[in-house]
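First the structure, which I've put down as structure tokens, then a few questions once you've had a look.
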């Protein structure tokens, strides 16, 4: 049985996670509000709340609060991917490949310079 | 062999994804820049770029651009989780549970009202 | 003559500034895009660009770049105020008064604690 | 007396506004927290709260709430200008001039296209 294998191995299964989020919204009939634009706004709003954990102090953050706000950003990101019918893993790896070309190891190593100034 | 099972089943494996991102940063020696605070700033910055795809028009967005920006937000979110040594799936499900209690189906169904005004 | 008095004294005149911004948009027929919601998105987007100046380094920022991005945030804020037909000075002073009550000097002095934890 | 002229004329005086904000922070000894980076984070955070007023509905916003959040963004913007020792009016007009060149009337009129695609 696949699901149990997945758990036995301790692997994270994104499909199940996405389904849990979808189910949550379906129960509340919230899908009607989740246009790509509204999700983009929501990601920005939640990213702001995450940033608030570090507003005046970069070091002494409340880890539980950070995790909750990070979870909210993740949640809307998964919803956006789902709405666009794209696979999160695929778009992330694709973008990583593009970034790899903009930031070749020999130029980018150890510096935080933006690619257009490398 | 576990990895091949994971692919045979077409399941998305977050661990492998996180490892690809880690490897990318390790090659560039970028880990030194990725404090939780810097990652929180980065998530906000990328969320702003994602929002820019919808700045003047909520409907006619460029799907490829949206996917690229969404991938950037995802990337930094996974890095943040990794830095905090938390499992994305776990924090998302935990927060979903909390949200479930703030937005019970019978009150929240079909409305976008914030919990403190429900 | 009032305008010259204003300049002779070296005082900043917000009305003239707001008019310059309005004139700029009128020439381009851009007012049609500037709904309050679009302006709110724009403020967030530009705030992200401002934050980008400090993404990896809190100290060594490029002051000219910071000023340009700050100017963009200001610009959209003035447009929003203008669209809502409110006086920036008035809403800022009103909010300052409200914040004064949430953060009384004797409690808030020298600490960055949020009001609900004071 | 200049101040009274300024009021008699009903003109908005930015200097007085900036001084009110400075005084507010001085009383609370908050200047120590207001590094340019922290102010940039604060502007992003408040921009997110402003955007939240339009999260699920672009039309039916609460004007009072919008004004309060806009006031917060303004407040931190003025603090940033003050911290950088720049004149808000000057940097806004300077940037407007630059934007004027990127978006010439004959190309930009009536379209929301970004300058690099004009």
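As written, the chains take the letters A, B, C and D, and residue 1 is the first residue of each chain.
As a convention for this text, contacts are C-beta pairs under 8 Å (C-beta built on N, C-alpha and C of every residue); 3 or more make two chains touch, one makes a residue touch a chain.
Please read these numbers as outputs of a predicted model, since none were measured by experiment.
Colleague: Note the rotational component of the Cα superposition from subunit B to subunit D, reported as an angle of 0 to 180 degrees in steps of 5.
Modeller: Result for this pair is 180 degrees.
Colleague: Would you mind telling me which chain pair, A-B or B-C, is linked by more contacting C-beta pairs?
Modeller: Of A-B and B-C, more C-beta pairs in contact link A-B.
Colleague: Report the inter-centroid distance (CA atoms only) between subunit B and subunit C in whole Å.
Modeller: Between these chains, centre-to-centre, one finds 30 Å.
Colleague: Compute the distance, rounded to whole Å, between the mean C-alpha positions of subunit A and subunit B.
Modeller: Chain centres of subunit A and subunit B, defined by C-alpha means, are spaced 1 Å apart.
Colleague: For subunit D, write out the residues touching at least two other chains, lowest number first.
Modeller: Touching at least two other chains: 33, 41, 44, 47-48, 51, 54-56, 58, 112.
Colleague: Spell out the part of subunit A that touches subunit D in their complex, as residue ranges.
Modeller: By the definition above, subunit A touches subunit D via 33, 38, 41-42, 44-49, 51-52, 54-56.
Colleague: Can you list the subunit D residues touching subunit C in their complex?
Modeller: 2, 5-6, 9, 11-15, 17, 20-21, 24, 27-30, 32-33, 35-37, 40-41, 43-44, 47-48, 50-51, 53-54, 58-59, 61, 63, 66-68, 70-75, 77-78, 80-81, 84, 86-89, 91-96, 98-100, 103, 105, 108-110, 112
Colleague: If you look only at subunit A, which of its residues touch subunit C in the complex?
Modeller: My answer: residues 41, 44, 48, 55-58, 112.
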